[in-house]
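Every chain is named by a letter (A, B, C and D) in the order it is written, and numbering of its residues begins at 1.
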Amino acid sequence: MNNKIRTDLALEVRESFPEDDVEIKGVILTENYDEENDIRVSTVVIKDERGAKAMQKPIGTYITIEAPEIDKSSENNHKAVTEEIARQLRKLAGDLKGEEVLVVGLGNREVTPDALGPQVVDNLFVTRHLIKEYGTDFKEKHHLGNVSAISPGVMAQTGMETVEIIKGIIKETQPKLVIVIDALAARSIHRVNTTIQLTDTGISPGSGIGNNRKALNEESLGIKVIALGCPTVVDAATIVSDTLTSYMEHSGFDETDIDKFISEVREQQIDNMFVTPKNIDESIKRISDTVSEALNTCFAQAV
Amino acid sequence: MNNKIRTDLALEVRESFPEDDVEIKGVILTENYDEENDIRVSTVVIKDERGAKAMQKPIGTYITIEAPEIDKSSENNHKAVTEEIARQLRKLAGDLKGEEVLVVGLGNREVTPDALGPQVVDNLFVTRHLIKEYGTDFKEKHHLGNVSAISPGVMAQTGMETVEIIKGIIKETQPKLVIVIDALAARSIHRVNTTIQLTDTGISPGSGIGNNRKALNEESLGIKVIALGCPTVVDAATIVSDTLTSYMEHSGFDETDIDKFISEVREQQIDNMFVTPKNIDESIKRISDTVSEALNTCFAQAV
Amino acid sequence: MNNKIRTDLALEVRESFPEDDVEIKGVILTENYDEENDIRVSTVVIKDERGAKAMQKPIGTYITIEAPEIDKSSENNHKAVTEEIARQLRKLAGDLKGEEVLVVGLGNREVTPDALGPQVVDNLFVTRHLIKEYGTDFKEKHHLGNVSAISPGVMAQTGMETVEIIKGIIKETQPKLVIVIDALAARSIHRVNTTIQLTDTGISPGSGIGNNRKALNEESLGIKVIALGCPTVVDAATIVSDTLTSYMEHSGFDETDIDKFISEVREQQIDNMFVTPKNIDESIKRISDTVSEALNTCFAQAV
Amino acid sequence: MNNKIRTDLALEVRESFPEDDVEIKGVILTENYDEENDIRVSTVVIKDERGAKAMQKPIGTYITIEAPEIDKSSENNHKAVTEEIARQLRKLAGDLKGEEVLVVGLGNREVTPDALGPQVVDNLFVTRHLIKEYGTDFKEKHHLGNVSAISPGVMAQTGMETVEIIKGIIKETQPKLVIVIDALAARSIHRVNTTIQLTDTGISPGSGIGNNRKALNEESLGIKVIALGCPTVVDAATIVSDTLTSYMEHSGFDETDIDKFISEVREQQIDNMFVTPKNIDESIKRISDTVSEALNTCFAQAV
């Protein structure tokens, strides 16, 4: 049944396996819970091809930060979440030593739940041009990271694959690391706007809210790629089939009936629809503030 | 079962009754189909309290223009749709004779599917101030209608009920007619971004995508109120329960089981979620262009 | 020569008088300088009609906060400026005791230097609807002020005078105080984006960047009106005539020649033009963040 | 005196020469006036290095379309202007035969007068991805040009030179022609928002509203580059010095005095300021509509 799951979160794929299958071969899950700030950090490591096949995700590390309050106006744990994101990002990025980083804000700024990437880029402290102009002394005096950034837009706006645009820019500007920011699709509504996923595997086709674009990863771009995403939508077909599956399992239907229903749902018009909360504008604003603050902190300390 | 329906379209409420109940007492349905332009106009008239109770909508006229191509880039029938909207609007508004009209763009401009009202207002040809300054001769020479407009924002942004804001403005500026533009919720996905509803009953609580605000109608505002809306979302709970109900009915479940399931779905977190297409930005842009063009035409001819 | 000045800042009007005329009858100027944070607070009090005539501004108090770093990315004195604005605002507003405040964001959100008001409102913590719904206990428990807000748009967008819109809303919602936020025109370029003016006299016709609208003050609205503004532009005619006047005075021209030149400049097409810095988007973003933070602080403490 | 001029319009440079110097060596000026539609087309051809030095612009063709009504709401000559732009564009571009075109919208979408390029790109009919997916038959059936587009943002937002970004993208996507859309600076206020300049020389450093970026032209990008621009601002220093120069010449000052004054003006703070009309939002909206319509027409006919 796992191949019916539609989620960008490795953690949700892992959860879809039976509870007693705690040790899927080739996949390691570790968890940490900060009770004071209500922040849970789960790390899924896919070690080999066997794990990749089971998880249907590339080999690599997937860190999930769950912080239910991340999109709330209360500022109780805002600082704690920001610092946790920066800490996990440094873990994946290694010591940047002030080397050049290109941040790419994926998504369509005109569609609210897809605007996370562009809004994070809007709030970044971009410095590459300043360092080019004023030199290394200026950089060190002001503790600047070396940051460039772009929000290229989606294929319906540009007519180009994002990977074509980014590959071209990288060849010209020669950064050492790419960080890709994107809105993701979760399977469960309660993960929407409460979760950050970081991974060193980049972005694979069909991620985000379903646009068909080619991978952005170390293989395609030639340098290390870290993807930072937050689920802001659930696929409409997923929400319908999950709700009914849960009901049908509970009511004692057999698997054949359930599969038949699911395939019927999939044939309907909801294939290009997504589900998102009514106050998505406020959530996107708060989460993009938090993520950009985490990035700015991380780069400044990376000098 | 009708009380489980969540739709702003009178036509969908009418359709929810059994097919053989063609003549609900107190409700009259007439239809016209323009085959050349693929435009269907359905008029639901709720004549009396009996009809209002059956339909759970106020007494009045509800005109639905269905034009599947309204949000497409092809311009084939763009002019035909624009003229049809203007024609139906004049039917409801009567002869304006150049009298003052206030257009209100409801909704949140920061949430794409809710931005229809503000975007229509952005494209309106507003003239009231020009007529105040240059006089009646100027107005007649340039064939101007007398138009003012406002996009007040939603309650989460203003802290005020929309009816408080609009009532106050009407008292000061004394228009003869209010036209309220709003994004609606449909029950069926195929009505999203393909349908325009016009009604002389205004907007009732719980309309739009679910914000709890008081009615905007002749009773509350003291002058005639026409509402023009386009469904841009489906309530997430509605899509789940409708899909499953349809499956369960088809599979021979009895009504008690279905009701039990529906109430379970309602209790879940999807209560404040909506479903919308991925390319909602393009649809909203095209529909708001069409509606504002219809309004501008209608006002100019109303001199 | 004073009637040739085009500025919204009382401080600049005061400065336009000869230096030895330190004690204009009816006008009192006091100054305070916080050296550590480089914040200068000047208070101009116009006591009577004689002062009002000399200054060509209504009787009342005008507080100017000069903080050269307010639009810079450095956060050195961000907190100090925010607190100074909140402190001066409380001085003018008196003890709010949790009473209702309506904040009005004037200006056109589509024109960058005029978008200050709307952007401040976008960042406000609006609470009136929450208190209506959850009651006084909720308000006190969460230390909430009672805040409503609106950005009505400019007359070219609405066809209505702002005073008509706000007067109507006030009658319906009955706030105790109105705070109007607006982008202003300064005379000197070095005051642009570095200065905040607070006044208990509201907004007078011809303020802002020159839209002809009627006054928003206690007389027109019936309740106390505080205006908080920041100069973001200089009138183009002012910059030309000031630059030349300065040169001509310096070069020994007599006043007749200068007056003749000024009137020629005024006749040219630059009458509806303004001057603004190239990075105005960044400045507006930072200043609106600072002002909204000051307002949010002030309201929260006003409970 | 020519080196004091600050304008992106070749026509204005040409006009700055004495009237009797009708035949500057190496520069040819031809004019056409369409009286019915009030559209004037002037073509400046810089033939050789001598002309380039005199004009301080690269060798090439500069076509200026002056249409005073282009930013007005009246639609009188809207179609005529659109067709004129398309006609002149085809003259410079040659027969595209359906080959790939990349449109680049320069400028900062957050600063109203600088948002022309991004807004034109927003309205373009982008097709490259459709042709990649559905093939040549689809392209020919629907009479599609092959169009991709990007609005990269300005250096303060990206940290990168625009030329780096575009050069990289071109290497990956291999278009045959680049069309660069940009907001320009004029010398005379009456050219602002009334003029379109097309040139086959691309964009040179210091164009637009003064950002220091490297050239976008055939030499730097390796393929043909057409720049289409519209002046939306006047440099603040230019407006001051031009107004005063005109007055001083008129009043019989000698050139030394004038030069001294100009250099004093240049030293002041107005160096990073621009002048723009108050209703710049409406003008930008109308001009970007017109330009994008001209481009869409041109590409569709280029199949």
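By definition in this document, contacts are C-beta pairs under 8 Å (C-beta built on N, C-alpha and C of every residue); 3 or more make two chains touch, one makes a residue touch a chain.
This structure is a prediction, so every number in the text was calculated from the model and none was measured.
Return the chains shared as contacts by chain A and chain B, ordered by label.
Expected: no chain.
Do the two copies chain A and chain D share over half of their interface residue numbers, or under half; same or different?
Mostly the same residues.
Averaged over CA atoms, how far is the centre of chain A from the centre of chain C? Could you give it in whole Å?
42
So what's the Cα centroid distance for chain B and chain C, whole Å?
Taking the mean C-alpha position of each chain, the two centres sit 39 Å apart.
Provide the C-alpha centroid distance between chain C and chain D, rounded to the nearest whole angstrom.
Roughly 36 Å, centre to centre.
List, in ascending order, every residue of chain C touching at least 2 other chains.
156
Please give the residue numbers of chain D that touch chain A in the complex, ascending.
121-122, 126-130, 147-153, 155-161, 164-165, 167-173
Note which residues of chain B are touching chain A in the complex, please.
Against chain A, the touching part of chain B is residues 108, 110-112, 156, 189-190, 209-211, 234, 236, 239-240, 243-244, 247, 251, 257, 261, 264-265, 268-270, 272-282.
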